[in-house]
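Same chain, two partners: chain A is paired with chain B first, then with chain C.
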Partner chain A sequence: MLQKPLNPGLRTFITQTLVLLILAAFALLIGAIAVAIAGKSPVTAFQELLQGALGTRTNIAASITRSIPIIINGVAATIAFKAGLFNLGLEGQMVIGALTGAVFANAFKDLPPFLLLPLTILAAATAGGAWALPPAWWQVRFKVPLLVTTLLLNYIANYFASYLVNFPLRDLSGGAAVPQTVMIPEAIRFGIILEGTRLHAGVFAIILLPILVTWFFSRTSLGYRIRMSGLNPDFAQYGGIHTSRMVLIAMFGSGAVAGIAGVIQVLGVDFRYIDGTLVTPAFAWSGFIAAILASSNPLLIIGTGLFLAALKVGAAGMQRNTQIPLQIADVVQAGIIFMVAIRLRIGEFVKRLLFPN
Partner chain B sequence: MPAIFDVALLASTIRLFTPILLAALGGMFTSRAGIFNVALEGMMLFGSFFGVVGVFWTGSAYIGLALAVLSATIVALIFGFFVIQFKGDATIIGLAINILALGLTTYTMRLIFGVTGGYYDPNLQGLPNITIPIISDIPLLGQVVSGHSIIVYAAFVIVGLAYIFLFRHPVGLHLRAVGENPQAAGSLGIHVKRVQYLSVILCGMLCGLAGAQLSISIVTQFVEGMTAGRGFIALVAIMFGQAHPVKILGASLLFGLAYAASLRLQGGAIPTQFVAMLPYVATILVLIGTRLRPRQSSTT
Partner chain C sequence: MSSVTGQESSNAPPVVEMRGIVKRFNQTVALNGVDLTVKRGEVHAIVGENGAGKSTLMHILAGLIHPDRGQIALNGQPVTISSVESAYAHGIAMVHQHFMLLSSLSVAENLTLGKEPTRRGLFDRIAAAQAVINLGQRYNLVVNHAAKVADLSVGDLQRLEILRALYRGAEILILDEPTGVLTPQEAQGLFRVIRELKRDGKTTIFISHKLEEVLEISDSITVLRDGHVTGTLVTSQTTAPEIARMMVGREVFLKFDKPQITPGKPVLECVELCGPGVQQATFQVRANEIVGIAGVAGNGQSELADLIAGLLPSTAGTVKICGQDVTQASVSARRITGFANVPEDRYKHGLAAQGSVSDNLLMGVHDKPPLSRHGLLDLKAIANRAVELIKSFSIKTEKPASRASTLSGGNAQRIVIARELADNKPFILVAQPTRGIDIAASEFVREEILKRRNDGAGVLLISADLSEVISLSDRILVMYDGRIIGELPAAEADETRLGLLMAGIREETTNASKTA
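This part shows the complex of A and B:
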């Protein structure tokens, strides 16, 4: 039937849609195998997962609430990706930002809320960014790979924050067993925007930040220079761009956004910094994966982040009802990254299969 | 304040540096073959987990050891398949392996052992400590050198074998050639993919041993994410040791000492959090220190 070759745009569209379908099918297959190994029915598990993620109004709200730190961390990862950098230190930057925000809000609690709130976020962003600067500087000055140092700094940040909330900053009132700071002033806590759920005002950040970052990289000179030094450092350097400075700026920006992700959890969910609450759910890693899935397109991260959050929340619901461990979500996530990393190959394959000439 | 530097510290250094050394030697092979491998962490974690599973299922520590090596090698082959066959980004694939390792071991632990966090059973017998006949009677030296698991002694032998393989054996030469310039190596008739697969398999086996040393040698237990960044510290050991087996041995000893000191200082005057930080801080300092030296000598 196809005597005339299809137009190239349509070809690409068909190919990409098919690739996405293959990716989704593969992710489902991995999940189904893992469930089958556990001796449970994959169909039931999938139903429970969907139910847990999207079944009720509360569950949908929980998925969206969960997506907030994931999407913001994804945006943070993207800023570094654009400069050609792997920032594996999002977790530490988020922790340092959150703790700084909590401490700042309590230290200046007499300030009027309309001033205290932005300053708290600013303090958290600055702290997160500052925590990301040393590895950036080590890379440009000593050629020490940032990929390794950012990761190692996570452990240092977590232990350091843990020390601070265990001893000097610990809330000793009420004899709380959990190491945590004092609660932040009520006036600056984010309100719930959906009655009967935990969805808080921080959700606006998942639309605002991706738009802002997209604008930054497509419309500003600095954004252009960062992208150029990521695409081809030698060429950028030749064209008069200070690539070292771009590495520092991109890492500061990335760390700052991770810090914002942390402080939003403090402002909207925990109302204080609690030891380990940002690390255990692996927000930073899900964000990193969301960025990879979205091929570093900040706007697409809203979608991939929501998907990963729904996967995690759904898996938790599934665990409650079927005793299938919720870590199945991580297994599926890893499977998706494998597929995304080779999606160009799958694309070529599909193209050859469909359009042999 | 008690003396920190003594014989017991050296003995525990030997025990604790072995996982770093073995993972670093494994990563050295892939690095020499031109593959940047951040998946050491995940491969080790698979080794740790299946080591314990092997002991749990069969009661034999050596079968546990074999299962650790086998599982890590299978994971390494998956890594190799996506990187070598499909030419995926090695860093992204490597990170995916690490995420898979953490997720799958935790998932499977809950299924097999029905516990969360970690699994420990005092009845499980791990690898025995080997007493070396004559040396163990020598004071001081005997305490440091004797009484370790077979993996520790194997690690030292592997350093020698790795040296001979890389620098004295034709296949080792091929491996280095592939890493230096794959096109040139290919044009000389070297099977580039085959050599890279070999490097990945060697890496998996060594990471399996490294993982087993963590989980079935000192104490028999598995804890979620128990490798805790050791794969990345091993990466630093490779950089510090310039991908040379003997220099990697030296680098790993340094990090082992940091781990031993960290363990020793626990419960002392310094808060545990700072003590636990020590290996990571030491690693970063060493990494920067190595890059500091040549610059200084060139300017002065």
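This part shows the complex of A and C:
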């Protein structure tokens, strides 16, 4: 069917994109079945889902706003993936980063904003990165699986943060029932960039960070060393790379970006740290899935992250208008994870179908 | 091409007749219409380069894979060999390069596995032991029936595998590169067994790429190249150069043009170096010199290489590279001192298979100007260097960005060789440089190593291929049980003398043997 053989890069890209579309279709099919079982019309459900996600200017803006923490977490996950590591502790790193950022901004609120804003982000990144270091160290030094320790540290981070905002750091001024910190100075809050929506200036990060990380891994010696450690640690060691150091650096970087995801929510959405607002929407996990779907390509994460965010936002709209529970979106997301698990086989299949020779 | 007339021509149909065998793996054609005729009771060698299709052809005969096209007839009867069991039922058994034995069980238990003698429903140990003894006596294949497989030597393991095949009633034995793991003496033992089998009327098919062996043991030869038969020969009427020409399509010279050069300053000095698996290794490698290390695999060569490379910590002694003490130095510090390393296992240490060819060519120089400045990679310089190396080392790849895993073994090794020989390092450690790659690539790799030696580098060559060690080296050290137990000038080395040393037998009486 194709006259000239396509170049392999393009071939891979076409295959990958098609695989993603097939995955999404399958996942939506699973969702449709779930809706049908619940006794509702899948067609109405998806119409409402689409309407809720992308139907109006406001809805589109809501989807994009929602995608910001997902995409940044996805980028964070990718940094660890490149070193061959599964950082399941993004959530805790994000929480620690967000809380640190909020506390820092309030503690130094007298600094000029042009200094306070970058320093707040830096503090959040450092804290998130630092929270990711112990698991890296334990794996390198004692061979304790990082997969397990990062996951468990989420609980410690969440409950520790929860304790802090319930007691020592709690904002008692308004008599609010919600455990939260004092609001950060107005001068460093992100502005709304689209009138009448909640889309804030943090959106630039979802373009900036993927580009920066892509650049880092292709253009810097450190990026090369981390990638090689991930692809084949024996080879990296043989070539004179300190693979243990690379594990520490990659985990710090991954945690730092997760911390930035957290502080951007503080700066752009909540304007304070509110107990549970980062954990309940499962930003970190959606980000992780976005990264896996994008095969650790930071630029593709922009697409997969937007898709997952739109799915969640659309599901909320669907629930409002049809009484179909928004958990359907979780079913679809679960369907995607399931599909990802069998993706490799689909990839081979698609490739053979498209390019039989 | 003469047809096989090894046995007195009887009108009995050939014991194995394969016709027009075709086998594809995805896009690659492994076998493209191969014919094979093997007469009853002969030793038939299948020779060819790696990737020529030898193993694929034999795996088809042994029921491990199925041909896409073609017929198989045994003793004139068309058959379908659908599985290993059905191959067994037809009297065909294959002894693989990697032994498939249960190491925690005894020899007798392994022998009878799958066809156990029983007494009142229980495993009959005595009968199993008797089976080992009986078969062993009949074919001169003595293995202690009570020993645990884990304690056996490689030669014993191989004998046990052959016994297993015979126990299962094999009439046709396929041996896949059987001498690869053996010392020359052990190989002679194997040949005695093969002759014994022949006397008993068994047919042996022998896969090899070592021409001397083939000439010594076989009656007839089928030569494969790129999935085609390029020759069927009667062994007594052919010569090594003729076979080699059929294998590669041209003459192959195993002797290299090696100019005499007086070695210069030492580039590697090991003094009493000890570490895991290595005891008190003391030796030098000088500029303009190739020092070969011979030894049966597992006698400390790999560990010695890792100690020199800094991949294993030494427990005593010193290592100096270019006069600098690097005993405690990191891998990268050693590399900066002037050390290149072609590792033994190219897929474990030599490459990132999932990385691009360009990434793989960059390892070790990723922090070196002009490729990298202030931590930033100069992609242009890196690409230029990659293109240059791909060209000068004839690496067959679509483009520098292709994944290394898409390259053949020989081309993957060219990546390693190109990277390590590129920057004129004064000391080069080379381990198993031609293992598992075809003749053309091997020849290229050896010539490149020799070129570097002529240009002033000192080379430490660790290889299990004796003819490689002998033909390339200026001096040869032999390792046995973690120690360097002998040294010979290459001119005085031959396979017999090296073989004795490799088996741990010192030539105390010979003046050439100077224990380092």
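The rule is simple: the second predicted complex is superposed on the first by the 328 of 357 C-alpha atoms of A that agree within 3 Å, B and C clash if a C-alpha of one lies under 4 Å from a C-alpha of the other, contacts with A are read in each partner's own complex, and residues count from 1 in each chain.
Heads up, the rule we're going with is that a contact is a pair of C-beta atoms (placed from the backbone, for glycine too) under 8 Å apart; a residue touches a chain by one contact, two chains touch by 3 or more.
Model, not experiment: these values are computed from the prediction.
Colleague: Once chain A of both complexes is superposed, is A:Ala77 in touch with chain B (first), chain C (second), both, or neither?
Modeller: After superposing on A, A:Ala77 lies clear of both chain B and chain C.
Colleague: Identify the partner contact of A:Arg219: answer first if only chain B is touched, second if only chain C is, both if each is, neither if none is.
Modeller: second
Colleague: Which partner chains sit in contact with A:Ile156 here, chain B, chain C, both or neither? Use first/second/both/neither.
Modeller: Only chain B; A:Ile156 stays clear of chain C.
Colleague: Once chain A of both complexes is superposed, is A:Pro325 in touch with chain B (first), chain C (second), both, or neither?
Modeller: After superposing on A, A:Pro325 lies in contact with chain B but is clear of chain C.
Colleague: Output check: A:Gln237 vs chain B and chain C. Expected answer is one of first, second, both, neither. What do you get?
Modeller: A:Gln237 sits against chain C, while chain B stays out of touch.
Colleague: For A:Trp138, using the defined touch cut-off, is the partner it touches chain B, chain C, both, or neither? Pick first, second, both or neither.
Modeller: After superposing on A, A:Trp138 lies in contact with chain B but is clear of chain C.
Colleague: More chain A residues touched by chain B or by chain C?
Modeller: B
Colleague: Taking the superposition as given, does A:Met228 touch the first partner, chain B, the second, chain C, both, or neither?
Modeller: second
Colleague: In their shared complex, at which residues does chain A touch chain B?
Modeller: Those in contact with chain B are residues 34, 37-38, 86, 88, 138, 142-145, 147-149, 151-156, 159-160, 162-163, 166-167, 285, 288-289, 292, 325, 327-331, 333-335, 337-338, 340-342, 345.
Colleague: Within their complex, state which residues of chain B touch chain A.
Modeller: 38, 82, 86-89, 91-93, 95-97, 99-100, 102-104, 106-107, 110-111, 228-229, 232-233, 235-236, 239, 271, 273-274, 276-277, 280-281, 283-284, 287-288, 291-292, 295
Colleague: Could you please specify the touching residues of chain A with respect to chain C in the complex?
Modeller: Residues in contact with chain C: 8-9, 218-222, 224-225, 227-228, 231-232, 234-242, 357.
Colleague: Could you list, by residue number, the parts of chain C that touch chain A in their complex?
Modeller: It comes out as residues 27, 309, 311, 330-335, 341, 343, 348-355, 359, 362-364, 366-367, 372, 375-377, 379, 398, 401-402.
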